Every structure is written in C-alpha cells, then in structure tokens.
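For clarity, chains are labelled A, B, C, D and E in written order, and residue numbers in each chain start from 1.
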Amino acid sequence: MNLLFEGFAWIFDPAHHGGDEGIGTRILQHLGITLVVMVIASLIAIPLGYLIGHTGRGRSVVVALSGGVRALPTLGVISLIALSVGIGFTAPVIALVILAIPSILAGAYSGFEAVDRRTIDAARAVGMTEGQIVTRVEVPLGLPLLIGGLRSATLQVIATATLADYVGAGGLGRYIFSGQATNDYPQMLAGSILVIMLALVSEALFSLLQRSLVPAGVVAAEQRQPDGETSGGPTRKSGPRRSLIAGARR
Amino acid sequence: MNWIGNNLPLIGERTLDHIAITAPVILLSFLISVPIGWVANRFTASRGIVLSASGVFYAIPSLPLFVALPVILGTGLRSPVNVTIGLTLYGIALMVRSTADGLASVDPDVTQSATAMGFSDSSRFWRVELPLAGPVLLAGLRVVSVSTVSLATVVAVLGVPTLGLFFTDGVERNILGEIWAGIVMTIVIALVFDVIIVQLGRLLMPWTRSSSAAVSRPGRRTRVVAPV
Amino acid sequence: MIEFRAVNKTFPDGTRAVENFSAVIPSRTTTVLVGSSGCGKTTLLRMINRMVDPTDGAIEIDGENIADVAAVKLRRSIGYVMQNSGLLPHRKVIDNIATVPLLKGVPKADAHRHALELMETVGLDLSLAQRYPAQLSGGQQQRVGVARGLAVNPNILLMDEPFGAVDPIVRADLQKETLRLQRELDKTVVFVTHDIDEAFLLGDQVIILEKGARIAQQGTPEEILANPASEFVADFIGADRGKRRLTVSSTAQPQGDDVVLIDAGGYAAGVISAPDGKLATGHSSPKSRSISNKTDQAGDA
Amino acid sequence: MIEFRAVNKTFPDGTRAVENFSAVIPSRTTTVLVGSSGCGKTTLLRMINRMVDPTDGAIEIDGENIADVAAVKLRRSIGYVMQNSGLLPHRKVIDNIATVPLLKGVPKADAHRHALELMETVGLDLSLAQRYPAQLSGGQQQRVGVARGLAVNPNILLMDEPFGAVDPIVRADLQKETLRLQRELDKTVVFVTHDIDEAFLLGDQVIILEKGARIAQQGTPEEILANPASEFVADFIGADRGKRRLTVSSTAQPQGDDVVLIDAGGYAAGVISAPDGKLATGHSSPKSRSISNKTDQAGDA
Amino acid sequence: DPLADENSSSDGETLVVGSQQYYSNEIVAEIYSQALENAGYTIDRQFQIGAREVYLPEVEEGNIDVFPEYTGSLLQALDPSVTSGTSDEVYSQLVEALPEELSVLDPAEASDQNSWTVTQAFADQYDLTDIASLSNVTEPITVGGNSELQTRPYGPDALQELYGVTVAGFTAVEDSGGPLTVKALVDNTIQLTNIYTASPLIEANDLIALEDPDGLFLPDNIVPVVSDKVDADATDILNEISAALSAEDLVSMNAESVDEQKSSEEIATAWLTENDLLG
C-alpha cells in the first residue's frame, strides 16, 4: 500500500508533468498508438467480420486463425518486426494490430450472427436487397457486440502498448521499463497506474458509446428481457416469457 | 534456422518448462473463477462490479504486476508462487466473465424443474447448473488457455525459464531462428492445450455432441454468440 | 390468381420438402394451407415471393412466371406476415410499417402518414407509433406485422402462422380482425397454419397437406367437413379435440330446450337448441364463404 | 386431498399473483386450472410443492400444513411436469427419469429398472433410454417428463401446461395417453392449461380463473358448459373458436342422415346424425367423469 | 557431463552457478561451471536469470553460489554514489561494498563495459575519436539506448554538461545495445548509443566505441561473485579462469555466439581446452 502511495506521489510530482518526457507527452503517445492501432485494426477486421457474419462462410477458418493469433507473444512479434523495419512506431503498431484484430473480428461477426435469423428473413421477405439487409438491419443490430469487441480490443491494446517503448515508440511503457531498470518502483507503479487509468477511461467512454449507439429498440428489448436473471431464487419470474416460447415452435 | 536444428533438446526443455508453468495456472484460474462467477451471477448487484473489475484488471501491465506482487506476497521475484499467482490473476480476470455468462445461460426452466424435483441448492448447482454452463465455460477456458500460454513468455524477463527466453536471447544474439522457435512453440502449445480442452469437453459433456444436430434444422443458422 | 404448376423443392441437404405440387389460388379470396409440422407449408408460401426458388416446376402470378421477375421487386409487391412478426427491433413501430415504402423512396412524411392510416386499419392505437416493437404485446406486434404487410398496398398477402405465438384469447381477437380485414380489403390472402380450426374459420378455400406438401384434400371448409376425402383428412380435422362426430349427451342438460352435444371422445362439444329432440333450424344461416361465390371476381390479383 | 385456505401471494415486486384463493382438490381426480396468461395458474401450482410460498393463508395436503414439511422432502414426494419438459439436457433419458430415486439414494440398478418400466407405462420405446433429451422429439420429451414425474410413485402429480409446446397432432396423442394414465394410475392430478378444450377433455373438475387467480367458475366440464356462471366464463369457454352454441347448417350437407352443425361464429363445428331433423340419441352415452363419482374415494392422496 | 565423471576427486557440495539473461554472461558462467565440474564439483546451472534486480537478492540470500559479475556495474548497484574510478579503485571499493556473506574473487582483464558508440561513417564525418570530440558534431544528436541510460551519471546530460555536446533528444530502445539499437544507429535513426564493449556487433557493423580517457564510465571487469560455500579449491579454479580471460577472448567468444550461433557449452569447452584449464 505504501508502494502504491509512492506511485501516486510520483504521478502528482509536478517535476514529472511537462516537457518531452512528461506524463502529458507519454499519455498522448500512448493514446496515439492506441488510436492508430484501433483504426487500422477496425478497417481490416470490421469489413472482414461483416463478410463472415453475413455470408456465414469462412467462420471456422477465421476462428482457428484468430485462436492462433491470440497465442502470438506480442513482445516476440514486435522484436521480429522491428529487426526488419527498424525502431519506431511501425513495429509496435503492426504487432498491436495483430493483437487487436481477433477481438474486433469476433465482435463483428458474432454481432451479425446474434441478429435473430427471423428478423433478417423478414427483412429479405419485405424486399430488402442484400446490401440493405447489411446496412439497415445487421449493422445496427450487431452494434452492441461489435462495440463489445472494440471495447475489449482497446483494453488489450492500451495494456500491451506499454511494449511500444521497447522499440523506441515511447508511451507509458517508458516509465515501466526505466523504472524496472533503475529499481525505481514508484516510477514503475506510476506507469502502471496511468495505464490502468487510461483503461478505466476507455471503459467509461465505451459504455457511453454503447449507450448512445445501441439502437433504442434493442435497449428496450433488453430491458424487457434482461439477460441475467434478476431474482435468481427458486421463484423466478417465468410466466410471460414461457408463453412466448410456447408459440415459437421449432 | 540452423540454430533450431542444433538446439532441439533446449527447445524441448523450454517447452516443458512452459507447460509446467501454464498448465497449473489454467486449472487454477478455472477453479477459482467458479465461485466468483457464481457470486457475480447470483447477486445482481455484484455482477456489474465483479465483471468490470475483472475487465480492468486485465489491463494491468503484466511486468509491473509481477514485480509488485512479491512485495505484497513476500515471495521472491523468481518464485513459482509469484509467477503462478500473477498469471492466475489474469486467467481469473478472463474466466470470471465466462463463468457468470455460463451460469446465466442455463435454461431457467431446467433449474426450475431441478428445484421442483427436490434438488437441494448445492446439489442443483453442482449437478445441474455447473455442468450445463459447461459449453460456455469451455469457450472461456479456451481463451484463458491461449492467453496464459502467450502471457507466460513475459515471465522470462523475471528469470523464470519459459519459451520467452528465446525472444530475449534471440534478439540479443540476433538469431531469428531462435525467435521463431519461441513463437512457433508457443502457438503449438496453445493449439495442443486447445485440442486437449476441447476433447476433454467432449468427453465430459457427451450431451453436447449430438444435440445440436438433432435439434437445429439443417441449413438454418442458430443463434450463436461467440465469446468476445 | 396464383398458380403452382408441378412444383418441386429439394433442399441442398436432400430434404424433399415439396413434391409435385399443383394448385390454383384464386384472387381476392383467402386460401389456407394447413398441415402438421414439417409438411412443407412454409416452403410453399415462400416460393410465392421467391424466398425459396423451386427446384422444378413453375409458379405464375396472373399468368406471369415469377422466375422472370427480380426477387427484390417481387417481394416489395407482396405483403408477408410471419409468426413472430419479424419486426425490426431497432426501428419504431411507424418506421417498421413504412419499411418498404421508405425503401422504395416514398418521402418520409407520406410514408408515415400512410403508416398511421394502416395502424388504424389494423386496429392499433396511434399512440403506439413511436414505440419500439419490444415495447408492444405479442398481439400488438402481430398487428404491426400485418400493417407492414399491407403498406405497399399489395394484391397478395402471405401470412405464415401469424397467430401461432399469441395467447388463445388474443388469437381469437386477431382472427376476428383478420376476417374483418378480408372483407374490407379484398386481397388474395395465402394463409399458413397448422390449426385446423383456424383454417376452417379463415379459409374460403382450405388445402390440407400431407408430408412433402402433397394435397390430401382441397375445398371449402364445408365440403371438407362433410366429405373428408380420406382417413387422414378425417383424422386431421378432428385431431385437436377428438372426432367431430357429435351426439347428444344423456346426462348433462342445460336449462330450457338446449341439449349438450358430445363428440366421439365422449366430451362436451357445444350446445344446440332442440325442443323435443327436434333440431331447431331456425337461424341456421351459415356464412357464405365458399370460394365458388368469389372465383368469378378472380383474375386480377 | 389438497386444500387451499385463503391463500394470497404477492411477489416482492408488488405483483399480486394470487388473491384470497380457497379451493379443495379431491384426491384421485384430475383438477384442471384454466385461465389466460398471467392469471396465476403456475403460481398456484407451485405453491403445492413449495416452489412458491404463500404470502398469506395455508395449503394442506391430507390435513397437514405443507409449510411444516421441508421443501426438498415435499418436492421429492410430488411429481412435477412442465411445459417444455424441463429435462436435464446433460443426462440420458433413463437417468432423467430416475433423477429423484437416485437423489434419494435408490441403488442405480433398481432405479434404472424402474425407469424402464415407467418408459413402458408412458408409451416410450425402450430403445430411447440411452439417448439425450435433445435427441428426442417434443412429444417424446414430454413423455419422459411424465415418466420422471411418476418415478417416485407420487400420490400427487402437478402438470403445468405439459403439452403447450407440442404439435396439435402430437398433443392430441398425449392427451389421449394422459386420459389412459389417469384411469390406470389413479393419482391426484393438478393440471394447468390455458386451452379450455384441453381442460374440458382432461378435467374431472375444472377451475376457471380470472386475473389474480380469482375463481370465475368451478365444476365439472358439463356443469360449466351447461351453465356458465358469468359472461366472462361464457366468453372464455367459447374463446378459441367462436361461441359454442351450435345450429344446423342449411347449405353444406354430408351424405346420409348427417347434418353439419355450425357455431355462433357461423363456422362448421361438427357433424351429427339427425334423420328427418330428429336427433339420433342412440349412442349418447357420455363418459362419466364427473367428480361426484369419485369424491368418495378421496382422502388418501 | 562426461567431464565430471573422469576425476571425481573432491565430491563436494552442489554449487549453484547463475547467469544474467545475457548470452555473454552465460558463456562465462558456463566456463565457470565446466571448470568446476571438471574438478569434481556438482553444478546446478541457473542461467538466464533476468536482470540484476532479479538475481542480486537471490545471490545475497545465498541461493546462488557463483555468479559472473561486472565490477563497475555491481558496485554501482550496491552503492549508487560511486561514479568514477580506475579498475583497481573500483575493485577495492567493490570488496568494501559487498555484504558479508559474499565475496569477489580476482577480476579478469576482460571487461564488458558501457561505451558511447557511433558509426564509422559518423565518426569519419566529424572526426570523432574520444567522447570529448563529440562536441565537434554540428548537427543535433539523438541518443538512443535503454531508457535508464537517460538518467545515468554518464548519460546525455553529462555529455552536455561535461563536453558541451548538443543532444537533440533521447530515443528508448530497450534491447540493451542489441541488434535493434544497432539497426537504429545504422539507419541513422539515432546517432549515438551505449553498446557494451565486448559486443561483437561493434566490429560486425563497423561501429566505433569512443575512447573514454576521463573515466566517464566505470570499468566493468568480469569478476566472480561467490558465496562462502565456494572452498579454496574452487576459488583457485575460478581465479585461474580470471587470469586467463582476456578482453579479446571475450569479444571473440561473443562473436561465436552471435555469428556462428554456437551454444555456450561449445564455446566454453573450446575456450577451456584452448587455455589448458580442463587439466
């Protein structure tokens, strides 16, 4: 606890605030990397995920691949890439994009898959073209899960972007590496605390985003049928839901 | 790539080290997450707290955690206890959500009928709810397994021998083959663990094997929400 | 008029859902396809708006082979109502109803005005217009589904077990509405159900199907009831509450001249007035819904 | 005999599901609780095995207040069958049936032997014993549910819309089986449904409920049909296919002496033999299922 | 190990030999191990143990008996106030600073110390020979290296203060003067970095380690740090090794490890045989 206090003290020390080496700059670098990574990863993963989600094809291949990708040790990948492209942003950005893709991809395609097949069926039956089904039904209804995917990807990227400093791309990892090398635990902890703060802020922003982007009708549906049980006791409310299921013969 | 051929025994040894560190962690993460997930699922108020806490926990950079833990635990940096606890904490952070989701996914009708038949609360949990949460738990465990195997490369920096040593050493000595060996073996371990977990799941949950085919109509996709 | 000519459908997995189905569905009448689960009703219905294309055979609407019409265009000209209403959960009721007109480029204001009219037509309170589907009861959702089906003012309305998911009481209500709508709107309705009572209630023409969409019997409800074509049909029409052959109960008797009639299972089916054992036939004027009354108007659906 | 004494149930969220409900359910008869969705049927049923405890009032089984019996013990002595069977998806059919005996510590071999007997009782092919529930059809699952309910040889069997989720044809089949089982097994059955036809078919005694589980009418099917106690009851018993008042169709006539009867909605309800307009009462021997025939055996459920 | 079986004269206790997570250090540790095994000691190798903050506590606790260290760096870890001195001064200060349970044996000539390093081309362009000449450089210099370099007493600030070098900025590359750093230097992403003098990368990449006449860097001679479990015989063996270990030997062994990808065992055996230390 004492250590934790020293970590905060390090953060609040004005000597560490301004300038090229200051907390402000480091945070901006960290956020910059995160942003660039998320944009690139989204540009790759969202269309691909949508394609998989809409057609239902290629899912198993992609699931297997992203399982493998998840196992990739990021530090190893950064080192390997940096050995060929040199130090700086490029290597960590590529490595982090690889890290972020599986979550976003899963969010994108599972968002599509979670859309009730009958809703899509009805959309097709009223005469929507495939493109209209994607843009007007699947995309808006898949948003909650997509954002969930983006959310966990961002969390991972923020945490892992600490490795960017390994190849000179700066960011909050700097405090961690240099704190570790000089036995300066308060500095190291300060770096960690800042990373966690960023993670918390991102979580908060994403839950706001989720609230504003998730279609109101979906919110209404969720409020009606909360996914978690509310009471959980032996007398769970099951009346109205039951009769709905009764009709939905399969 | 010469290096690989000349160092097969070393690769084997490090691979075993890696497995020795990760396998117990995966198991522990699972075991500890069950009660936490149960609490998260059982009490509405705790659900949000537990789930967001575990989400943010996952954002703690690993290196500082491993360095700070011994200060709290009173162990040495290189101590297996330190490494195991650190990795397990990350595993739990991932697994708790799956456990809560898994328990929530159990058809309330089934739990109702179990209650109606006279299952006591605890036997209902162990014999009905937990096994039925199995498929979701399994999916969560697969993610935990992969990420633990990957994360364990980091603890090499602490002087604990794992495949991660091939990265640091490979970079210092500029031996690409060594780095590749580390990456490939990490993925291989992850894949092998994954196969084992899936097979174990099939073995322990025989009812999931046949049911999907019998229930869902061919050609129509059923609702699947993959864990994100 | 919708005509099926020797239509077959085999799904890629080998299921033969429809085997050599031929039938004529006259315009401006309600034809009900009835049969038990998996017999191919939905498949038949979905062939009409090309949600399913036949493996073999042709379907014509007013003489035009629908295979020659672009699927999206065809679907926009046909109303489709399904069991769970299939509403878009992220759109308000009014936008759901106006989906197809909006797709077609009708100005929003016009589309919404028309949607409100349709809400009245199907008996929905206008205050519900700004709600989301999840905020409606099952019965209300079905009405929205019907309104959406009517939004393009289609000649043809396809309804696939539209009332399967609602409470029996709400269901009776919706059935009554449907009868009213049929009278008012004068559309060609193809209705799918597995409830023979519903079929007899709503159908001008009823087609009873066996597995593979083979026609077991086709005719007006009265024709079928009077002369079941086979043991299968006889069974089917009596299926959900014992046989329909009624007899007079000798024990339970209500007041006055009424007698309780019991069915072949031995259970009470209804009450009829029969003073002195003689049937009172006074007000026996059954609704004339036999298709023969209407086929002369056909040909322009 | 099960007796409800001024029972009330208010859920924690304020819903008053049951308001001052009192009734006697005689032993060895079938009592059907019928009413529309949300009227409190399930709540009443679940009070009998203490899945729900009353806020107020008492329930006695053969004179013993169930509040004094440990809930788990009580539940193991009462069979419970629900709509979607509620089978344990991770256990084989035979283990599902034997669940409670196994819980009670009956040796596995004995429990399985008994389970196989029960499969025969409910008309299940023994080859299904080693399957998982998901590998059965809906109707088969329901039979397993019934077999499981019978596995402890309970005096009381609670059935909550057990046939709500199955096909009408399969449903008719299950209803027939249920009638046979009732005759064979002679249990106290409390059956919940919202289908009045089913209620009349299966019930020795029928209790029609309004919102809040208020009794609208209670009696044998014949009594209720002959003398509906209120407009609500009259409405309800005719709800799902128009009124039950029948008249003779003047147009559609089958061959021979039969006449087609139509209901108040104007639609065909059945056929009765009436040579020369005179009702043939020859084979009018309705089943005697009125509860009065059986109450004398009561008292030991 | 076949060598151990041949003459198992003194069947002493097991000695734990440790090494840093640094291939060069591991080679030296392997040399110690093989020599000791050859003399009949049982050796438990615990190599590649992280950085100093990881292993030093364990050495202090007596969990490790023999550890190859570097005089200046170790001294600074024990007493950060020390900033300069000759080899001998540093060695005697180190002996003072060590905790009681530990001792250092004889230091070797071989050293692996910090240096300010530039490319040959850069050196030629500004006529650089020693650190002081960096003030000739007219363009702003970007310094690269492990992040702690920035705050070291010999870091960029010292260059600015002591020699009037214009430092434009600092770029962290956390591979301790490894190939990433060298690549950055060669790519001219950075112009000045800290590379260990024994690194084969210096020669392989045509780099120039600037001379340090003022003793800006502490000398870092290789020295075995030992616990009191190391007896007189073992001490003799380790001292013999130190006596034989020259600066060139270290560089060439490092080169073998990097360029020929030889394992530390091979390299150690070859060196010991060459120097007749396997008896």
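Methods note: contacts are C-beta pairs under 8 Å (C-beta built on N, C-alpha and C of every residue); 3 or more make two chains touch, one makes a residue touch a chain.
Keep in mind it's a predicted model, so treat the numbers as computed, not measured.
Between A-B and B-D, which chain pair is linked by more C-beta pairs in contact?
A-B
Quick one: which chain's Cα centre is the longest way from chain C's?
E
Please work out the Cα centroid separation of chain A and chain C, and write it as a whole number of Å.
Whole-Å distance between the two chain centres: 47.
Between chain C and chain E, what distance separates the C-alpha centroids? Give it in angstrom.
Comparing mean C-alpha positions, chain E is 88 Å from chain C.
What is the distance, in whole Å, between the centres of chain B and chain C, each centre taken as the mean of its C-alpha atoms?
Distance between chain centres: 52 Å.
Multi-chain contacts only, two chains or more: what residues does chain B have there?
109, 112, 115, 171, 174, 215
Mind pulling the residue numbers of chain C that touch at least two other chains?
Those would be 37, 167.
Two or more other chains touching the same residue: where does that happen in chain A?
79, 83, 116, 180, 234, 238, 242-243, 246, 249 - these are the residues of chain A that touch more than one other chain.
In their complex, what parts of chain A are in touch with chain C?
Spelled out, the residues of chain A in touch with chain C are 116, 118-119, 121-129, 132, 136-137, 140-141, 215-218, 220-221, 223-224, 243-244, 246-249.
Which stretch or stretches of chain E touch chain B in the complex?
Touching chain B from chain E are residues 21-23, 48-51, 53-55, 57-58, 175-176, 178-180, 201, 257-258, 261, 263.
Give the list of chain A residues in touch with chain E in this complex.
Listed in rising order, the residues are 20-21, 79, 82-83, 86-88, 165-168, 170, 174, 177-178, 180-183.
Please name which positions on chain E make contact with chain A in the complex.
51, 53, 144, 146-148, 150-151, 169-175, 179-181, 183-184, 187, 189
Considering only the defined contacts, which chain B positions touch chain E in the complex?
Interface residues on chain B, with respect to chain E: 2-3, 6-7, 10, 76-78, 156-159, 161, 165, 168-169, 171-175, 177.
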